[in-house]
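When the chains are written out, they are named A, B, C and D in that same order, and each has its own residue count from 1.
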Amino acid sequence: MTKPQPKQLRRAYGFDEVAIVPGNTTINPDQTNIHFTIGDLEFAIPIIAAAMDAVTDVDFAIAMSQLGGLAVLNLEGLQTRYDNPREILAEIARAPDEEVTSLLQKIYSQPIKENLIGQSIQAIKQAGAVCAISVIPSNAKSFAPIIAEAGADILVVQSTVTTSRHTSKSYRGLIFDELCKSVPMPVVVGNCVSFDACLELMRTGISGILVGVGPGAACTTREVLGVGVPQITATMDCASARDEYLKESDRYVPIITDGGFRKGGELCKAFAAGADAVMLGSIFAQAKEAPGLGYHWGMSHPHPALPRGTRIKVGTNGTLEQILFGPTSVTDGSQNLIGALRTAMGVCGAADIKEMHQAEMVIAPAIITEGKSWQFSSRR
Amino acid sequence: MTKPQPKQLRRAYGFDEVAIVPGNTTINPDQTNIHFTIGDLEFAIPIIAAAMDAVTDVDFAIAMSQLGGLAVLNLEGLQTRYDNPREILAEIARAPDEEVTSLLQKIYSQPIKENLIGQSIQAIKQAGAVCAISVIPSNAKSFAPIIAEAGADILVVQSTVTTSRHTSKSYRGLIFDELCKSVPMPVVVGNCVSFDACLELMRTGISGILVGVGPGAACTTREVLGVGVPQITATMDCASARDEYLKESDRYVPIITDGGFRKGGELCKAFAAGADAVMLGSIFAQAKEAPGLGYHWGMSHPHPALPRGTRIKVGTNGTLEQILFGPTSVTDGSQNLIGALRTAMGVCGAADIKEMHQAEMVIAPAIITEGKSWQFSSRR
Amino acid sequence: MTKPQPKQLRRAYGFDEVAIVPGNTTINPDQTNIHFTIGDLEFAIPIIAAAMDAVTDVDFAIAMSQLGGLAVLNLEGLQTRYDNPREILAEIARAPDEEVTSLLQKIYSQPIKENLIGQSIQAIKQAGAVCAISVIPSNAKSFAPIIAEAGADILVVQSTVTTSRHTSKSYRGLIFDELCKSVPMPVVVGNCVSFDACLELMRTGISGILVGVGPGAACTTREVLGVGVPQITATMDCASARDEYLKESDRYVPIITDGGFRKGGELCKAFAAGADAVMLGSIFAQAKEAPGLGYHWGMSHPHPALPRGTRIKVGTNGTLEQILFGPTSVTDGSQNLIGALRTAMGVCGAADIKEMHQAEMVIAPAIITEGKSWQFSSRR
Amino acid sequence: MTKPQPKQLRRAYGFDEVAIVPGNTTINPDQTNIHFTIGDLEFAIPIIAAAMDAVTDVDFAIAMSQLGGLAVLNLEGLQTRYDNPREILAEIARAPDEEVTSLLQKIYSQPIKENLIGQSIQAIKQAGAVCAISVIPSNAKSFAPIIAEAGADILVVQSTVTTSRHTSKSYRGLIFDELCKSVPMPVVVGNCVSFDACLELMRTGISGILVGVGPGAACTTREVLGVGVPQITATMDCASARDEYLKESDRYVPIITDGGFRKGGELCKAFAAGADAVMLGSIFAQAKEAPGLGYHWGMSHPHPALPRGTRIKVGTNGTLEQILFGPTSVTDGSQNLIGALRTAMGVCGAADIKEMHQAEMVIAPAIITEGKSWQFSSRR
């Protein structure tokens, strides 16, 4: 009897499973170029702070922009539901573990106040900072005019999984082609993890893709839904889609690996896998400037019926500037991320991010290969 | 010297090793269809409670049926050996770890009382619930008439491993063709894990297959016998057999993945691997309605000479309704299983279970890929 | 530049990485035949106790023979160095961990007393038991006459690694062809792990092969020397050599998988991989009859310059009869090994050991596949 | 749609993932030849102590040379920055964990005193020992004359990653061809891990290669930069380059596997993978003679802006002679490294290191294959 071939399962790889191979040439780190571009906006460093309430508020967005990066403000988060978000954040930080999910469900059930949207955007703009705002797909069309009017620079449309073709009976699926034409700013969309989904989204005219489903430190999507692709494979697949789309359209749409980062080494691996930029959550939640007061939680966490997340205690680990640029006496890779990236590019002989995309990588699962299981560190 | 090729070893995969890849289209969760059918019986949800004494008694079977699912009553368990099974269950719950196996061996050595069989079936039927009863193969022929007469709807013939060809000198092996013809109800058989064994069983005329050897949380078959196939591979192989049998016979025999589930994500993976329904033990043992009082043990555990199991403390985790439908403030995937299934189908763009069978999966061993080892959770 | 192909590395598998797939037919366990043969000697059960001082003394050898198996007495161990080995064994059991290696080095530096060799063999024979005696290769020629004269039934020539071609300047390498012709009993040789080495040894005329380098629980050969092959692959390779040798010579030389067993399931896997019998150390050190008083150590442990072993506390776990045949209330697979073997053969439909060699196996690493890491049990 | 093929990821292997297969012949350990050669200098044992401040000072270099090996003195370490390095070493040993990195950064910011360079070299030479000195590439040209004049025997040019082609705007990249011609001694260069980089370096005329990026026990390069290749694969690739270079030039340039060793078994595996010698850090930091007082740290640890290392407490484990030659009562493979190497060569039938390069190896990840996870030992 010839057995029919069952479904093929491809091996996918995460950060802890790969390592970068040094190059055959080397370059001094201070000669590396790490600029990053979305639409016509250029950033000195390819690092973006996530649209999570423990990470980005108005002040954090300004600070991040001043340091050369970008932070995304969550339009459906605490900043637009409460006039006094700091009190709410303090309440979340004080809540005991066993009560925090119910508390978050209650807190996030408050309605969004439209006036706070405009105020937040204008505060960021008035400080001379670049302003990026995120909305979920079903809110994109209704909020886009307010966001545009208030002068935001980048619109981010983000949910756990976003595709260019969504079926719903309660609302007409968001048509990204229409959205891109109707707003006067670049649109960044996510999250996605596969070649086809990424390519289809790029063809709608969007200006950036967020890559990553399930990897975040504060996210339990993989436990609850079984859904997720490890970030190295997701980044490599979406990078292939970007390169394919560049060939067919002559337009370069950057991909931004979003979620799951804990160390500088993981950032470097994402770039070697093909990322143009990275989006960080829990690392920035550790900054002195972060609104989360040493705690972090995911934006799927407060879901009223099926919460997917944990509040994790991340503590406070230096200023944002130290985290990005050092100098530091921390040796675990959680500070001086830019120094780490430049040094890794140096040993790979990569003069810019596109050359870093060519770096060789090997599969070398940390837990198996060297017996170094830093994933079991005390903080996790 | 040409070395002869040694035995080929195929890689088999378990729940923690795979993840579902989101689709290129998405669909609103509330538009997904999750009906499930055995013979002519249709169920609103594709979830079955296992024929284990810590899970299913008469009341639990009624509650499960009312919620749209099915529970199987173990005909060779406590419910038919004791007039007062609750006292026995309390005794098991109170026993210290080091004495519980001997106690179970003693308790299960009591004879089955035929009158209790009929009483249990009738109690379930009188409540308007669907009644499924399980027997071991060697008891199937002798008990079938009693079960049929009492009005049960589904006969489940279940042992650790069941094949269509069994050799014994003490009794004539059970002929499933004959059994299926002699009883007026659908016959579900298990457990099996391979393509050939599954296909041969389907050809006997049975109406459903239980898939799974060795994976259960309370089962030590793999330690004691070395026998077992991880559930994703077992499900994929039996799904191939189902599809093959459909081609040759034009009859669709559903496969039910049985055992090893701890979280919603694992259910979703089983459906993506090809399951038509899933059978749960330890998850339901945690329901307030479960007879096990917060404990769970396998049906191979009380074997008089070679016990294979452990009594595990599962605790109590919400009502059956909460476990199935939420809402919940638990974020580890152990509640709102139906919500999780519908959401996973949504991100895969799967409108029904058969479309969910087409979802892409990747190999991404949790312990290696992301350093998230939720298998080391406190309860295990 | 074309890179030269580096050395090929083949993947090798251990017990915890594989599982047996149930068959398409099943058979009642009590109908399985598990006889085992060395030369003309037949044994009711295919289990041999190792030539280790914590396992086999005269009384243990007699008990094992009476139960249908075989135990090998170590001619270079405590039984032939001391008139009062029990006192020495008690001293070892009492020694603190940090002193035990030096103590063993001192104890094993005492000379062998030739008179004790004959006495031990005769004591075993007088009890009507089968007597097997082990020596290291460099002692084989000088001790063989004494062993033969005293009436031993089987001569075992054993060292960490034994080949048919050994180079030494201090003594002429042992020629197995000559040894086999000069002694009136079957010669069993080990240990080896590879196809070629096994086949070459079989061609010298020996009557059995011990398979296994490095796997034992009390052995640190892999840490100290980096040498070792996991037992499933070693067994499969040596089984291939046995089958090849049978083809070329029409003589069936059994292979005995030696070392690394902790549970019944592992025994079953060894037979499915091709073993004709298994040799157990630490499992039998747990028997009430074992001389080790709840401790176990390897025979490379007392090496004067490069000790390779650890004394492990194994505790006492039932009588030898319970360990072999049950009944038991222990559910971790450490008792009723024969019941486990017969049951596993039953679910594979294997009527005898040779049919069990045909059982299908899958690669399913316990620690990755199901999150069941029984290798991290408290005793290890 | 045909998906473009994403970047290929090759699997790379570390020490804990492989094991040596015994050979088809064996040889007495005392008949093995383990000599090692750099340029015209011959060493009785193929073991080199690393240029790390916790390992090698003048006295240690003399002791190592007297025992037949080699130790490399770090020209940019404490010995040449301080007149009283022992006081500084004691200060490091006393520092609490949370302060040690800042302390190291401060200590290593002191300037190098040129007079101490000559004094150190002459002290080693006056004791009749072989003297090897290490410098970083950017210091090589300026310090080479001093080193040569003081009479050193070997010049080691070492940084985390060294290639034959380095781009810098602040200094003209080191040209190894020129360096080799300008100094009257063999030049050893490192570190590198890949075939191409190794081959290019050999073509510059250097006399030895250090292999290894990221594996050291006190090194966090892989966490911080994401860069590193496990040592078995790195050694195999560089051994291929050595063999290729031998074919094209008829010159044999030895490769020295540097870093990540904890046990004798790992040394044996490095030789089986193709190493001509091994360089040890943390193992020698445990010697009574080591200057580190039971502590060890990496030379990237004190980096002022991006420190990459941890100070680890290694303790003190016997004399240097015991560690190298035994005898010992330690059974974990950390002592009698030479005895272990000779014994492993014996069971492989390897009469010299080049024959040991031919030993067969299998992939057998310790943590998966046998459940022996000695990488989780208490000391790490």
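Criterion: a contact is a pair of C-beta atoms (placed from the backbone, for glycine too) under 8 Å apart; a residue touches a chain by one contact, two chains touch by 3 or more.
Predicted model only: the values in this text are computed from it and were never measured.
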Checklist line | chain A to chain C, fewest steps along touching chains | finding: 2
Item checked: Maximum centroid distance from chain A, chain identifier (CA atoms) -> C
Item checked: Fitted rotation between chain A and its twin chain D in degrees, CA, nearest 5 -> 90
Next item on the list: Compare the two sides of the chain B and chain C interface and say whether they are made mostly of the same residue numbers, over half shared, or of different ones.
Entry: different
Note to self: Quick check: how many Å separate the C-alpha centres of chain A and chain B?
What the structure shows: 39
Checklist line | Multi-partner residues of chain C (at least 2 other chains) | finding: 13, 196, 366-368, 373-374
Checklist line | Touch-based graph of the chains, sorted into line, ring, star, complete or other | finding: ring
Next item on the list: Please name which positions on chain C make contact with chain D in the complex.
Entry: 1, 3-7, 9-17, 101-102, 105, 160-163, 165-170, 192-194, 196-197, 200, 213-215, 220, 222-230, 233, 260, 301, 304-310, 365-368, 373-376, 380
Margin query: Which stretch or stretches of chain B touch chain A in the complex?
Written below: 13, 18-28, 30-31, 195-196, 199, 236-237, 239-240, 243-244, 263-269, 272-274, 326-333, 336, 339-340, 343-344, 347-349, 351, 360-364, 366-374
